[in-house]
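What follows is chain A paired twice: with chain B in the first complex and chain C in the second.
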Partner chain A sequence: MARTLTFEIFRYNPAIPEQKPQMQCFTLAETANMTLFIALNRLREEQDPSLVFDFCCRAGICGSCGMVVNGRPRLACQTKTADLPERIILLPLPVFKLVGDLSVDTGVWFRDMYQKTRSWIHTKKAFDSDQEEERMDNAVAEQIYELERCVECGCCIAACGTARMRDDFLGAASLNRIARFALDPRDERTDQDYFEIIGNDYGIFGCMGLLACEDVCPKHLPLQNQLGFLRRKMGITALKQLFRKSSCAS
Partner chain B sequence: MYTHNTDLLVIGAGLSGERIAVEAAQAGFSVICLSIVPARRSHSSAAQGGMQAALGNCALGENDHPDVHFADTVKGSDWGCDQEVARMFANTAPIEMRRLAHWGVPWNRVVAGTSFYFKGGEKFEKTEAKEKAGLITARSFGGTAKWRTCYTSDGTGHAVMCTMDNKCAELGIAVLDRKEAIALIHDGQKCMGAVVRCLRTGRLETYLATATAICSGGFGRLYAATTNAIICDGGAAAMALDTGLVPIGNPEAIQFHPTGIVPTEILVTEGCRGDGGTLLDVHEERFMHIYEPQKAELASRDVVARRMLEHIRAGHGVPSAYGEHLWLDIRHLGDEHISTKLREVDEICQNFLGVDPRTQLIPVRPTQHYTMAGIRTNKTGAAYGLKGLFSAGEAACWDMHGFNRLGGNSLAETVVAGGIIGRYVVDYLKNTDLCFSSALVKAELARQQERIDDLMASRLGKENVYAVRKDMQEALTEGCFVFRNAQGLQRCVHILKEVLDRAGKIGLVSNGLGANHELGAALKIQGQVRLALCVATAALARTESRGSHNREDYPERNDAQWLKRTLAYWPQDNLAPKLEYEEATPYFEIPPGDRGYGGGSIIPADAEKIAAKTMQNQE
Partner chain C sequence: MSIHATMHIVSPSRRDAYFDWLQMLTGLGLVIFMALHTALNLSIIFGAKSLDIVAGALEVLHLDTLAHVFVPILFLVHFVLAARKIPFRVDGQLAIWRDARLLNHRDTWLWIVQTISGMVILILGAIHMWTTITAGAVQAASSVARVQSSGWTMFYLLLIPLVQGHVFIGLYRIGVKWGVITDKMRPKVVKILVITFAGVLILALLALARYATLTI
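Showing the complex of A and B:
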């Protein structure tokens, strides 16, 4: 039986500040294999071309289309309408700056994160084009890739209790980034180096352990394990530091 | 006026764009990269399969060499490529893969010992050498003599994109997202940057640069069914064409992928077939071996795409609400293989089809996939027609792919070409001083603002941009797909000319303020239709079949007449493209021969001419 879907969509265009944010209703006849990608594009092309939302790969690979669907942050492109009730409420991800309607500025947020976490391999070795590559155990490569799978959609940040309360909290995506480099034998940074980035309240010790981040991650990253791993690692680093300080003092 | 100055402006922050940016930044030049989306969301990240490079570390890649890779590439191109460029590419690829390893790419590595693999549905055994353990490994991919495709699980593009973007962050390169270039600033001789629309505010900005590189990817979105991301819409290629000075090389050279899922056209990687997946028809029986006894499912992708359509036309397709399709079967690869090596494929099936590929068949059919066509450049990546304009990656026709590119060669091209061209860009920056004319900049900015004002006020007409775009996509898909003939192409050109007329009469339905999508679509539609006309017109003119360009009325590859490259220009105020031609390659390292698969006879070129252009072995 074909359903008629009702979409309630958050509307606000910052270019027209005098218009207050509001929810707008649209109806659409559901078709087979419909995803929110198909539905939203049909709404824009057939009903209201001013509707703003983001899609890019439409294949769950790029992370562009994070939004809150019936109360839960998720990727719109891989949300099938058949899995939703007839009434679908769409809101932009919280925490991030609003671009318009359902579109938020994850780009600037994540570029800032690369600088905060210093998201690159730190090595003193120079590349030598005549040399064979440095060897790596395949299992280690696969473990690194496992954490590299983050698509920076922002769902884990939007679902995070701490991130909602404090703007400077790094959040699961950033902590996962640190875990990725801590795992990589090519990165010469020490635990102490990582401690300086995340050994504080806006880093690993700000996490309240609610773990909605893992619940909503569309790539099913093992965020809970990574947060636990970093917390232990940083806890030990802190204790060592404390011990070193007290032994210096005596 | 929001004006920015930089040594190098890169339009498109995918792999090739960022690779050029890194090269320039390391040489001490200032760089700004502009991208419609945050860099890591670029279409580069969607390439699952891998990058070809003749490292020869894995057992089935033993004794591989850039010579073999070069030969595969030239054969794959159906002798349409520039052999000097293909040689540069094949020789540089292994170094670039090792460089990426140094920068942080978690390449899969050789694991010593005996393991199994599938080919054509059969199980084989291989043994990896102990002394190679831990080196970069490779997998099999369509159309290659050796296992040569370096990969990271099934997210190679994503993983390399992360590393490249990390490198840009490390070097402090300004990578700005939600910025769309809409016009080049030039004086008829030199390119000086671009007028850019900010996709956050809708505001126009100007970026002035000594060198500008267009690395905006392909233009699959000219077609109704494509595996390409939404952003691969040809906007930047059309912008170059709009200058009237820069040609599109081989616009008719468009590749189609055999396995887009039905209905959403999302690509499932060729790795499925490389790893032993098979194609089945309505009777759930294999058929590829009937057409291609040697390579079966592993034949080059245009051959597979063609054979699939042929088999559907012969009445063996599976009927569905979205038209006929065939089945891809990977059930026999098993849970472990599907859960690890083909995880993205598994996710696509589950998330977008509700299909479990361990127990169910995947509905697939051929769809537009890759544009060998692009902004024509010389071997240094410098665009024809305007000094200071460069292009690389899928956006460019460099031209190592000719009329068909091999799986794993496009993703490799992004970084290999990016590195090579990046070094030429650095040379250019070192040797060039540029005077900017503020009058020229203001005039271009005013011209673009006027276009926006016209669209917002519907001054030129009331055509709906989405309706016009749909008609363009359908015309091209109907008349200029895998199989082509004069009748269909003439009709296609005729329809597109009407569509072009309507594209000049767009009026916005919405107010166009702020981050408005309709305005963005309206600004590029004329350029897109012109690009589509280049594709169809060039396809009509090329009266032969070569690589992915298949003319039903001219099934032979005609080396006597068509060993050349199309250059499509769009002179200002023209209603149709102007086609010119040039020699496909400055010399032959491998003279034209049989590419060894796909069938079709060859009309040979004059033997003396070929001999005169063929390199003599240095012995």
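Showing the complex of A and C:
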């Protein structure tokens, strides 16, 4: 039973540019129910205190522990070593800015994305704190919640071939944000408004349907269906405009 | 809103949306043509006479003339539109190659197969269309003679798997991109497409074998 695991871990500290990026090997005896969270912490405590990686909730909620595990972007805290071979190769997520070793800065990227997609409820209604909150249909609320489950781990962006080739591509997490607001009855934005944000090759028409996002998302968000939904919605929005006279006339 | 926010704004445009529609529609148009074209070729399996009957019927309907005009146009437009997605600079090519290698992810590999097959089809398909269109009416005798003349069997042996592969990957891609294939349907649709692809490929190769061995 008890295996000895070999970890090959990417080491690089961008603050010390003289140091070249390299892969470092560690060995560790596997224990029952070991996750990568446990393994990495033990490596840092017992073997190399300089090892850099991110963890926070260790329960798949905060999204900070995304890394490339044997080729696939995953949440390290949700990955059991028992499901992996004896040789485990850990790399930081590509696309994002490297902080050091396995740690990347997804925060700035997601913050920027929220600005680009204007990721908040747009409404002209004035807020009245004395009024009872408007009720939402339960089915709609559940649909929105399904898309809200994204933990911003960045796995879908790191896996996306389009995002790897073009750093101006929005990526699945961002498009999913738009799908989420398009569903929300409180958001008064029209299809035309959404079209201005994602109706181009930086947005939904840049997506080539490689579905790596769908296949790696650790929270199993329905990304494939949302991307299809947005492509149809935005494609139809453009066609409608084609058959409509200029809005300035009359 | 602050003034600097209005200083540099990309003017909203529907261009990318129209290009995406056209890319899909030209791809679909070529798939429909290829389905008919494969059916025509399959009739050779039943002998020279059956091919001549099918080809004759198409001629009566003037479908051959239609194809001679519209297929090269579709072919060219589809290539130009799809080429927008192909990385022509080495850094882009390396990025997608490394991504596919690292992930070892089926659909990412399929995209690479689609791109490379597309570029080879561009060359081989153009040569093929040139020779068949300039040769005039399709007849079993002339086709058999051509396939049996130097190099053409090898040419088609290469072209058949590339085209059929590109067609089926293309259909799958249209399905997932536009949401016709949902996540629940995906495994089943993949199975159906793989089986159909294998069947069509075998039949097309059988047709080629007939072209290459018939004596008229």
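Just so we're on the same page, the second predicted complex is superposed on the first by the 244 of 250 C-alpha atoms of A that agree within 3 Å, B and C clash if a C-alpha of one lies under 4 Å from a C-alpha of the other, contacts with A are read in each partner's own complex, and residues count from 1 in each chain.
As a convention for this text, a residue touches a chain if its C-beta (ideal position, glycine included) is under 8 Å from a C-beta of that chain, and two chains touch if they have at least 3 such contacts.
Predicted, not measured: the structure shown is a model, and the values here were computed from it.
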item	value
Partners on chain A (chain B, chain C) - clash or fit	fit
Partner chain in contact with A:Met67 - chain B first, chain C second, else both or neither	neither
Which of chain B and chain C A:Asn33 touches, first, second, both or neither	first
First (chain B), second (chain C), both or neither touched by A:Leu93	neither
Angle at the Cα centre of chain A, taken between the Cα centres of chain B and chain C once the superposition is applied, in steps of 10 degrees	160
Chain C versus chain B, contacts on chain A by residue	B
A:Tyr114 touches, of chain B and chain C: first, second, both or neither?	first
First, second, both or neither for A:Asn138, with chain B first and chain C second	first
Which of chain B and chain C A:Ile9 touches, first, second, both or neither	neither
Which superposed partner A:Asp48 touches (first chain B, second chain C, both, neither)	first
Minimum distance between Cα atoms of chain B and chain C in the superposition (Å)	12
Residues of chain A contacting chain B in one complex and chain C in the other	none
Parts of chain A lying in touch with chain C, wherever the complex brings them together	68, 71-72, 91, 94, 159, 161, 164-166, 195-196, 199-201, 205-212, 214-216, 222, 224-225, 227-229, 231-232, 234-235, 237-239, 241-242
In the complex, chain A residues that touch chain B	13-16, 32-33, 35, 38, 44-45, 48-52, 54-64, 78, 80, 82, 99-100, 103, 105-108, 110-111, 114-115, 118-121, 123, 125, 127, 129, 131-138, 141-142, 144-145, 148-149, 151-152, 184, 186-187
Residue numbers on chain C that touch chain A, as the complex places them	12-21, 84-85, 87, 92, 95-96, 98-100, 102-105, 107-108, 111, 173, 176-183, 186
Parts of chain B lying in touch with chain A, wherever the complex brings them together	37-38, 40-43, 45-46, 95, 97-99, 101-104, 106-111, 133-137, 152-153, 155, 158-159, 162, 165-167, 169-170, 175, 177-178, 199-202, 229-231, 263-264, 266-267, 321, 340, 344, 347-348, 351-354, 465-466, 508-511, 513-518
